[in-house]
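One chain, chain A, links the two complexes that follow: it is found with chain B in the first and with chain C in the second.
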Partner chain A sequence: MTVNDLVGTLPLTVVAGQDRLAAEVTGGYVSDLLSNVMGFAAPGSVWVTMQGHQNIVAVASLAGLAAVIVAGGAVPEPETAAKAETEGIVLLTTPLSSFELVGQLYRSGVKGQ
Partner chain B sequence: MLDYVLKGGDFDTAGEASSKIKRILQQIGVRSDVIRRIAISSYEAEMNVIIHAYSGVLRASIYPDRTELSVADEGPGIADIDLAMQEGYSTAPDHIREMGFGAGMGLPNMARCSDEFSINSVAGEGMKINILIRHS
Partner chain C sequence: MRRFVADLHVHTLLSPCAAVEMTPRNIVWHAARHGIDIVAITDHNAGDNVPAALAAAKGTDVTVLPGMEVETKEEVHLVALFEKPRQLFAWEQVVAAHRSGRMNDTDRLGAQFVVDEEDNLVAVKEEMLLTSLSLSLNEVCDQVNALGGLVIASHVDRPAYSVLSQLGFIPPGLALAAVEVSRRTPRAEAAKRFPAIGGLPVVTASDAHTIEDFLSGPKMAFNLEAPTLAEIRQAINNENARGVVL
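Moving on to the complex of A and B:
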């Protein structure tokens, strides 16, 4: 499954990284604690969070994540989108709550590890 | 050997040193799971300075068989290192926790990703962390 498959079936908006949507998704992780994500999200995961500041891009890049989804209708800061574009990180948003989005991701076949 | 100067409270450039280290390791062909452990360690070391200290220097020494990271800072230091190593323990203030930092997992993450890890501190002066990660 690719990020693009998820964008095509779930209410997700691409904010940055349009050219990286072919990235393979191998799992999922949800947390708003950055060090928790660093320590436990497997490479290739989609990460669901409510954090919208630019440090999420560094976390996603260094942990080798497939995409970051900012949930709950939160709007990422403009610097976050710019940095994601520069670093080649897929940044998505959704109006769904983290709980609802994770449920839909799971039903689409994205599992935790 | 690469030195990166870090400034306490500078969240805007946080992670840039680690990103540069990661790119160099990719260029010299280090295994990707090893690079990930080095990148996580250096990011946590960087954030530790930015969250808690006034200033610091992150040094990366990259050898064919290993990478050594050391981070030395001027700051409050750690009074009780055993307590600081416990997952979930943090002294970060609320406004930093709201950003998702200060989960009390930085030091444990560094230790988990390292082959060798040591931490020294004089309370009220600063601290130094040494990390060694083998490439194979």
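Moving on to the complex of A and C:
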């Protein structure tokens, strides 16, 4: 499954990284503590968070994540989107709460690792 | 130049999590008795008890610094310190415009008391203070600095509400004067235990919520010409012969 498959079936908006949607999704992770994500998110995961701070881009890059999804209708800061574009990180948003989105991801076949 | 003992992070009974014994008068009285020369009053997202603390300190050897512990929208706690009450007042206006709109739940979170310098109840603060503002970390740092204040990242050694727990590392270019470690980390070991601190100056403070915390908690000792924020800023940066006493 690719990020593009998810974008095609779930209520996700691409904010940055349009050219990287072919990335393979191998799992999922949810946390709003970036220190925790750095330690526990597996490479290839999609990460669901409410944080829109630009540090999410560096964390995603460090952890080798397939995409970051900012949930709950939260709006990533402008610097975050710009940085994601520069660093080649797929940044998505959704109006769904983290809980709803994770439920739909799971049903689509994205599992934790 | 002389040595000043400073506690840069102290809550009063305005903070819902602090004990009612933390009145400005009682804090100043204990500071005077125990050789604590400088006390920053830093309640959560509010500064209403700073005037009482300044009044209580009049005629004593204790200097009160106006301050606030701010919670950003990333749920990062920051200590904002100011030289003058009017700077804090200007900052309070910014904070008031960025509250959640929720009211405090006294039964669950604790009461938020505003008092005068003689411990008389002046008001009960209704807005929920123990929650995030809609201001980002960068916005808080920039605006506090623009008002002449300085920002210290609260308790970066703790697993909650710290810039490191919330954001993993300190964003480059952030206008922080220093990071604070709590009593659980000796200041000298902070940079080794938390490499993400990088080259930022490290301070420690009691983060007192009770008088017992205030008296037993860690403090700084500075060599200063006078007990002012401008002097402390230089001491933190080891400038002009000001400095931290080890």
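Keep this in mind: the second predicted complex is superposed on the first by the 113 of 113 C-alpha atoms of A that agree within 3 Å, B and C clash if a C-alpha of one lies under 4 Å from a C-alpha of the other, contacts with A are read in each partner's own complex, and residues count from 1 in each chain.
By definition in this document, a contact is a pair of C-beta atoms (placed from the backbone, for glycine too) under 8 Å apart; a residue touches a chain by one contact, two chains touch by 3 or more.
Values in this document were obtained by computation on a predicted structure and should not be read as measured data.
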Three-chain arrangement built on chain A, chain B and chain C clash or fit: clash
Contacts of A:Ala22 with chain B and chain C, given as first, second, both or neither: neither
Touched partner set for A:Val75, first chain B, second chain C, both or neither: neither
Touched partner set for A:Met38, first chain B, second chain C, both or neither: both
Partner chain(s) touched by A:Thr49 [first = chain B, second = chain C, both, neither]: first
Chain B versus chain C as contact partner of A:Gly64, first or second or both or neither: first
Common interface positions of chain A, toward chain B and toward chain C: 32-36, 38, 51, 53-55, 58-59
Chain A residues touching chain B - in the complex, by the definition given at the top: 32-36, 38-39, 43, 49, 51, 53-59, 61-64, 79, 87
Touching residues on chain B, where the partner in the complex is chain A: 11-12, 14-16, 18-19, 22, 32, 36, 39-40, 43-44, 47, 99-101, 103-106, 108-109, 112
Complex interface listing, chain C residues touching chain A: 74-75, 136-138, 164-169, 171
List of chain A residues in touch with chain C within their complex: 32-38, 51, 53-55, 58-59, 77
